[in-house]
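In the two complexes below, chain A is the common chain; its partner is chain B in one and chain C in the other.
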Partner chain A sequence: MSQRDAAVDREATAGDPLLEVSNLSAVVQGFEVTHGIDLEVREGEAVALVGRNGAGKTSTFRSIMGLTPVANGSVRFDGEELLDLRSELIPKRGIGYQPENRDLFTGMTVEENFRLPIWTSGRARGIDDEDALVEDIFDLFTELEGRRNAEVQNLSGGQGKMTAIGRALALQPDLLLLDEPLEGLAPVVVENLKSYLHEIIKRDISVLIAESNASHVPDIVDRMYVIERGEIVDSGDPEVLAEDEEIQMLMQGGGE
Partner chain B sequence: MIESFVTHTLNGLYYGFILFMIAAGLTIIFGVLGILNLAHGELYALGAFLVFSVVGFATGLVASPTGTVSAIVFGIVVLAASLAAAAILLPVGAVVESVFVRPIYERDEVYQLLLTYALLLIFIDVMKFGWGQTPVDPGVYGTLNRIPTTELVGFGYPSYNVIVMLVGLAVFGWLVWFFDRSKTGRIVRATAINRDMATAIGVSTDRTFTLVFAMGAFFAGFGGAMVSIGPGTAFLEMGLDPLVLSFVIIVIGGLGSLKGAFVGALIVGVISRWAIWLYPPVELAAPFAVMLIILLFKPEGLYGTWGEIE
Partner chain C sequence: MSRIPFVEERNGESIVRVPLTRGLGLTPVQAVLVLVGIVLLFGLPFFSGLVGLSWERLFRGILFGIAAVGLNLLLRHTELVSFGHAAFFGSGAYGVAVLAAHYDVSEGLLLLLGAVLIGTLVAIIIGYFVAGYVDIYFALLTLAFNQVMFATVFRSGFFNYNDGLQVRIGGDRPSLFGLEWTTLGYNLVLYYTTIVLLLVMLLGMWKLINSPFGRALDAIGQDRTRARFIGIPVERYVWISFTISGLYGAFAGGVYALLRLHVQPEPTLYVFVSGEILFMAILGGFTTLVGPLIGGIVLVYLLEAARFWVTYYHALTGLVLLAIVFFMPKGIVGSLPSIGAALAHRRHDPGLVREDIRGIAAAMRRAVDRAITTVRIIVFGVN
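Right after this comes the complex of A and B.
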């Protein structure tokens, strides 16, 4: 099967649109930092948003979560307009967010970081068995098991990323927004974390991953968007795009 | 000499526990909302005035005590009345936060000072309007001291003051439990640590802030109520000195630290009462001197966390 056919095949298996971002312009400190972003994540799909640091990935994620104001545009999730919602209702609708710099709740343990989202949004997410869900997350991230009662500021970089992803999973989300989950980690840890991400993607959770290193993601995502200076400049099959010389040029120096 | 040393130290601890109730709210509100509430002392004063009215009503329902048992019943009624007076401050705090304080979160710090100082003046006028210019006293302190606890201390010390210390200890214990163990308390801490991320897991920061402000108002009011039914009276300017001392306390303890506020309050309480005993003119200055010494060695305060509740 050619790559073209593989892409068509993957698109055929993806479900209805889950997240539809259209013409979204985010505003940070009075400046428009993204200009009319259009992107879509379908049910069960894993999508990457690739661009170098400062291209607008984090602002796009934050405006989806209602944390960064927008000048115009629309963010529809499961048919509902998120921009009309109070920000704290967005996770309750089923979007789990792992921010770029982890932003864990320091002074609290790994387990507390997993339980907090269940306490705040468990009812809205239809979670009846808090303990089972927490154990489920520890089962996925096996190496956090031994660090269960460690305060999160004492974790290694990789463990911190895992805790931040685990905390997002504690919402039992339909969509995960992962902002640079592989950034700043040792190559061994990157491979390790990628296998976890692969595991999550297999679980029927739609995933949108922001990455500054285009070579990190092609093997785990179905589709890829390329963002540059706040605009989507290309999209399509990740394997094809990652080989594209122009894209590689864009990514140069954007990795670390 | 020894007996007066012990008496003044106990008085200092009594005052320290009262100060803790004010400083705890001040430090929690600062830690979570990032607001330094200049009107916090007035919530303490409001509690003192409210309890005057509530106790007058409540004690009308029970007979004046004649023996030990009826003294204890009377004491329970009065303490319940002071809780009721403090409870009135829950909605007061909630309204102040959601109506007046909320619009200034995103603004410069100077707006905080202007707004909370304005609230301070308004509260004083409200109290002047409600209870007049002259100090009021519920007049139950003597009766409350008939509750037998004095023997435990070994010499004559007012029973009521001992009760207040026990209540203060219970309040501290409860607050530690609330922030360390309860779900709501840990959600509040998460909000203090990272507002955006708390929102991204479904916390309504509006509601959390309102809760925290109302809680702070409650404990300040409870402290004021206990002073006014105790050895003190309720008067219009009573909130000013404790507010200033509370600033000293939270700086000594570390901004946002509950344990720091507790230790700091007991230190400041004892120092100020020792000053009254040994050289009264330095009553207010002595705690500042102690603060300077502590800051020389621990610039971030005893339990410095800078803005995180711990």
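Right after this comes the complex of A and C.
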């Protein structure tokens, strides 16, 4: 616990809290899958939520987005309680979500996948130059530039992840929720995508990344939470935690 | 940005656009087809004798086709199957009949306007209740609303029970554009007014499905959760599209009443009519804009023509539906591109035809072999 307190002290300077999740318990098909999750993302901060498959990362993200019922707890974003909002209003408040399975709009091109959120939420996000924003996303993901008019079902795995992240960026969000952006990709593509993530983090967007491989994230995030069986079991400096033997055991499924 | 072509599926090929049609996003071939279609529609009263059916009957096919175009907005984009679109067709028809019979409105266009308003209102009300549902629940709810309306009209003296209402004001048919017409003149004026409005409505639908709103409906059809987390208000958009869809049905029903001058519950409100409208959309090709319209014309033609040929003519619809589902799942218009491509291939390389024949022969041989084997096993046992 002392490690966690130290981490909180160190990060106290990072800015005001943007996302405050407290005591959150998500319910999937009648079963409580997370038990009193507490986490926080401050303005301009990049935070990782690390845990094995099935630990509750996706459920936590989905309950932040209002897509999974919640038994109790609170999710405050920029001072506003999100659990009271209809789920379609949450992206309009400024949270971009990249789901775990890419969940792109098939039959539409990469560019249309970027434009759709702007068409539906652009006004709420104060976006007045749609084209400039789209070009900005293509400037970031240079690899997608040549695939602009490709229908998304024809993309490679990495390109699909990029399109899903790009679609979340098209909301001009204050906070990005990235659910396992590096999962299922070849090592060389992982490095490539990490450099893009680094680029996004530098842009002053707050980011919360879910990840099942603790060694993937230390070099891009400021802080890390470890989730196991629906509970936050540790948090703090990512470099320290990733080296922690107990955590490593946990990640490999041997720890208890 | 408008990318969805007239006929879908071109695998990212770049499409040449002629300047004239650029605003609509049509290829030259599509533009020619559209022109041919418009000429056929306008010429229908003059050459319908060639197909052995009066044009008034084909007119009825066009009207059901319009309702099917409306239904197709839900079917193709939000991927919702409505089994209750006769509710709007019937509301339109009864809207005209009630305004004429009970309120003595004598101008046909006013009647039509009233019918569209009434039908749209019904769509707004039903849409409010069904927009949150998907799949079988949506289908059953629309069916239930339809059935409630049918039963109410059937049992209500206001709607004159099963006998229905005459669209006559003191024995006279309504006027059109403020003028009285002979029977033929009335039908022709009604027809051409409808065709002009139909073209406007098709253009409107084309613009709608290629707009951001149309893309949002596609997104909802694919996955409602996915649509929500980019901020699409799913229920509200479904409600709007349901209402627009109902508007098309109400318009068609209103014109139907003006054409028939007599509205009964069974041909306009019964759930079988809903089924037929749905069938028309599938028959014509629900992956296209004009497919349902053509499906409406073809189905009514088949039903009317077959009535003179076969006793069990309703079985014909079933057989046609089976054939469509097995051999042309994309419907008539939806299958045109692949049929065209296959024919072009064979013209290019006649050897393919020989292969086709060989393939069919082999398949038949296999079927016969299997049948013989089955019989042998039944008769002689294994070995």
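As a working rule, the second predicted complex is superposed on the first by the 240 of 256 C-alpha atoms of A that agree within 3 Å, B and C clash if a C-alpha of one lies under 4 Å from a C-alpha of the other, contacts with A are read in each partner's own complex, and residues count from 1 in each chain.
Note that a residue touches a chain if its C-beta (ideal position, glycine included) is under 8 Å from a C-beta of that chain, and two chains touch if they have at least 3 such contacts.
The structure displayed is predicted, hence computed values, not measured ones.
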Joint occupancy of chain A by chain B and chain C, clash or fit: clash
First (chain B), second (chain C), both or neither: which does A:67 touch? both
Go through the superposed model and pick first if A:51 touches only chain B, second if only chain C, both, or neither. neither
With both complexes overlaid on chain A, does A:230 touch chain B (first), chain C (second), both or neither? neither
Just to be sure I read the superposition right, which of the two partners does A:116 touch: chain B = first, chain C = second, or both, or neither? both
Using the superposition on chain A described above, determine whether A:92 touches chain B (first), chain C (second), both, or neither. both
In the superposed arrangement, does A:154 touch chain B (first), chain C (second), both or neither? second
Which one of 20-28, 128-136 or 344-352 is the stretch of chain C that crashes into chain B? 128-136
Check chain A for residues that touch chain B in one structure and chain C in the other, and list them. 65-67, 86-92, 97, 99, 103, 105-108, 112, 116-117, 119-121, 124, 167, 171
Taking the touch rule as given, give the residues of chain A at its contact with chain B in the complex, in rising order. 62, 65-67, 86-92, 97, 99, 103-108, 112, 116-117, 119-121, 124, 167, 170-171
Which of the residues in chain A come into contact with chain C in the complex? 65-67, 86-92, 97, 99, 103, 105-109, 112, 115-117, 119-121, 124, 149-151, 154, 167, 171
Using the touch definition up top, name the residues of chain B that touch chain A in the complex. 183, 186-187, 189-190, 193-194, 196-205, 308, 310
List the residues on chain C that touch chain A in their complex, please. 1, 3, 11-12, 212, 215-216, 218-219, 222-223, 225-234
